[in-house]
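Next come two complexes, and both contain chain A; in the first it sits with chain B, in the second with chain C.
Presenting the complex of A and B:
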């Protein structure tokens, strides 16, 4: 208790004020998401296209092997479901960072950043808000996938939640870090080509790593090094009530690194504002 | 009052936490010349028993005290004591015994001898050979009607299901089915006989009274060649409402509606699925997957494969304790 109160007392804010700030940021993000119905639909259509169309053609790709955490042979659509859940979060993470670039251009960010609360806290709230939105999308996807015979054990829907929060934070923090370096909205297309696609394809989302290793040992190392692979594996194991400790360590580590990086990059003395005028921030 | 609710809730919780009764399954490994013993509580292999060469057909005696396994290349049937889990005796079959069945009392055993075109009749109490019945070429599938009056033998090369009168031990009728019939099973009420044809890729439904094929079940799995679909083992739930058909190299088990004969689902299991057995409570079905050396466990009510267990080399048959 004393620890909780010590923080705000030092910076001059009460716990309630921190909560009000968190509530404001999360609510704004939720409202924005709810008002953009096309965004919700497109966030669902993307993984569903992969599930219904792509997976249909690759049913035999897994061959005969039992891959942990599965305890028996599975169809390809069952395999890619966790990868698609992480893909939703990857796109969502990048989209929230896109919104930050937009906010900066439009001048909304100034309103946020003039808040007297510490900057790291504002950014963390923004990350939490983005993660909460991604959770809505992922659970909506899981509901539709259930009708497609992708039915993990019932407890899996609960155990996957902390894993999704962690992977959502990691991917959101990565997006935030990237957004700090983007000056204009138009440049965001580059993020698609240079971040989202390589991260998604060079991971275990679409193919198990042993399959990748058969094709190219070099690519296997790239995939294994990719934090997105570990986000996928963490989600995959958690969905079946199991824990992948290596992936957990990688995801936690990367979340911290990306988050610290983003906080550093958004510091006015070092971040974008010093790099010159851009849009609404001029 | 609230204490009473709490206690009854606790008791209910404890009751539901009691695990299902554990059963023991024996799996014959054709190439490994062993029998794997599986515990259905932990779903693990608890023992591997060395047996004769090329073990295939395997079954419990009705009293549950012994497991009989046909060791084809040794031309005999070995008897495993389920207490000591050791081979203790042999039964006098003909050359290359493959599959066998016993009557409902567990007194008489009928063995299909693949290389001899005969079915051997064995008295299980005296463990003595009572005689042989001449059948078609390469006899394999064996089934007995629920009233013990009719014995069925399928001959792989003759492509026939032979109806044998168990009292006269004579073939009374032969029904032509599709290519390479490997397995036969009666519906629990005896109203239908199902025969799987491995090369033909079908299951024939036969009227046991009229000795005529009344229907045929065909299978189609998207993305698989028709030749890969080779039906072998057939297992029916006790009420005859659901039938499971192992489809060999299709790596799938078809779930068939017992009444309408419509295929309702395909379950993915290991490679070249051969034979199956239900747990006595009917909750699980276990299948032997020959080429992937494992046994898959199916939740019968959910119609879902829940686990796959590694066993010996080339698992073929499976016997579940009665």
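Presenting the complex of A and C:
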């Protein structure tokens, strides 16, 4: 057997090393996603059920007036499509956080956290990987929706990409922050009840906010304060080649806040170390 | 409390340059005055010892002694509350990247991704250390050949036996060519033959590659008379030094007897305290 000796540790990392690490994390996330075919199917079925069943039922009940970014009357299906795209990302962000909790319980998370690269960078790579997976799901949804006559302008498929990346990062960072506070996998059901559903329903995903304001001014403020509303609006405007600057500012701001919170929570001297070792270890 | 001197640094392979010579003289792992508590419960109390390069140091302690907590501190999974830990002179708190580059670790629970193949697990680990794909491929083939798992490179990890998984974890920990290897209860749950194979493989790494090894265990028969030994009990280091010296200082005939003497003496002195 050959003798392999390493020299003294190098300081810092090259750009290539950072890129290799990013590739590795995205590649692993993609592999896991491909191995879990039912996850891909369920990620698509959920918005399609809303589109084909819920929207068909509510089309006659909920009339949509001409509101930006639309320049004419639109079908209800067309209105909720951006909301469903954001919903895919919301569920994907929470799925990523679930997988981080699972990784932590199973011990896989240690493989990531003992890497010599900076921990903030590792978490950022993980976030980018989750966002990349959500983009695949959203474009698959858009493809199916196109056959249902929900067809934004062709340029919209391109202009919506940066908006999807931003909203994916925001929702992924939120999921990461939440995962740092969940001690056991069983507690994740609470996330569904206390995060996903309130965020989704108290937003402009299913109904325009002026409709909400008519019904309940208080709920209108809640919806307007909800970052998910701004993710939906950012995607909605971008899908038609337009920009909603307020939503952009809110999404970028929330992404930074959630990301910094997650990095803080996974810092060994803070969040992660407050827990004792896993069961059976001492 | 019986406590012998810090073990002397074992001889190392000849260094090819002054920088490497200096590197070889620095302890592979230095732990000084480390304390850690989970709330009111103190898991480690003023723990200090060193691991020399190219040496095999056994960290002996019962379940609950604090071995895994110590490993979590050395690997920076937990923040250090008090004390200092350095790897080849790189402080784990102040220069974590430099320290972790030189460290390979096998944790007590399995940390492999069961749904990925053997090769994919290795490539993922390599990427986390910034090792480019071509180099990672070459190193993966090399380590798989060394642990006799080349024919299982495409198999899912969940299809491997417990012993094969452990060998794979050790191979993975060596992929980035560390100078210090930590193994936390690496043979737990394995049959006698698999245990012996893994122990022999790790001892070969010390003699053939000059890697410093810290081997946490609660099994006396895994420790040889020529090893360095650290006895950890209820978060405190009771003894450290060469096995023969620890045994002699405790007035025992073997490690088992020395451990019993040391722990009983500690418990007696505690119960006698007001």
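Definition applied: the second predicted complex is superposed on the first by the 261 of 282 C-alpha atoms of A that agree within 3 Å, B and C clash if a C-alpha of one lies under 4 Å from a C-alpha of the other, contacts with A are read in each partner's own complex, and residues count from 1 in each chain.
The rule is short, and it goes like this: a contact is a pair of C-beta atoms (placed from the backbone, for glycine too) under 8 Å apart; a residue touches a chain by one contact, two chains touch by 3 or more.
As the structure is a computational prediction, the values presented were derived from the model and not from experiment.
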Task: chain C versus chain B, contacts on chain A by residue - done: C
- [ ] In the overlay, answer first, second, both or neither for which of chain B and chain C A:117 touches.
- [x] second
- [ ] Mind working out whether A:31 is in touch with chain B, chain C, both or neither, as first, second, both or neither?
- [x] second
- [ ] Return first, second, both or neither, reflecting whether A:198 touches chain B, chain C, both chains, or no partner chain.
- [x] neither
Open item on the list: Looking at A:20 after the superposition, I want to know if it touches chain B, chain C, both of them or none. Which is it: first, second, both, neither?
Closed with: second
Open item on the list: After the superposition on A, what does A:68 contact: first (chain B), second (chain C), both or neither?
Closed with: neither
TODO: Give one of first, second, both or neither to describe whether A:107 is in contact with chain B, with chain C, with both, or with none.
DONE: second
TODO: Scan A:253 for contacts with chain B and chain C and give back first, second, both or neither.
DONE: neither
Open item on the list: So in the complex, the part of chain C that touches chain A is made up of which residues?
Closed with: 13, 19-20, 23, 38, 43, 63-69, 72, 75-80, 88, 90, 93, 95-103, 105, 107-113, 115-116, 120, 123-133, 146, 177-179, 184, 204, 208-210
TODO: Enumerate the contact residues on chain A facing chain C in the complex.
DONE: 1, 3-14, 16-18, 20-21, 23-25, 27-28, 31-32, 35, 106-108, 110-118, 122, 267-270, 272-273, 276-278, 280-282
TODO: Please name which positions on chain A make contact with chain B in the complex.
DONE: 59-60, 64, 66, 71-75, 151
Open item on the list: Looking at the complex, which residues from chain B come into contact with chain A?
Closed with: 222-223, 251, 268-271, 291-292, 296-297, 304-308
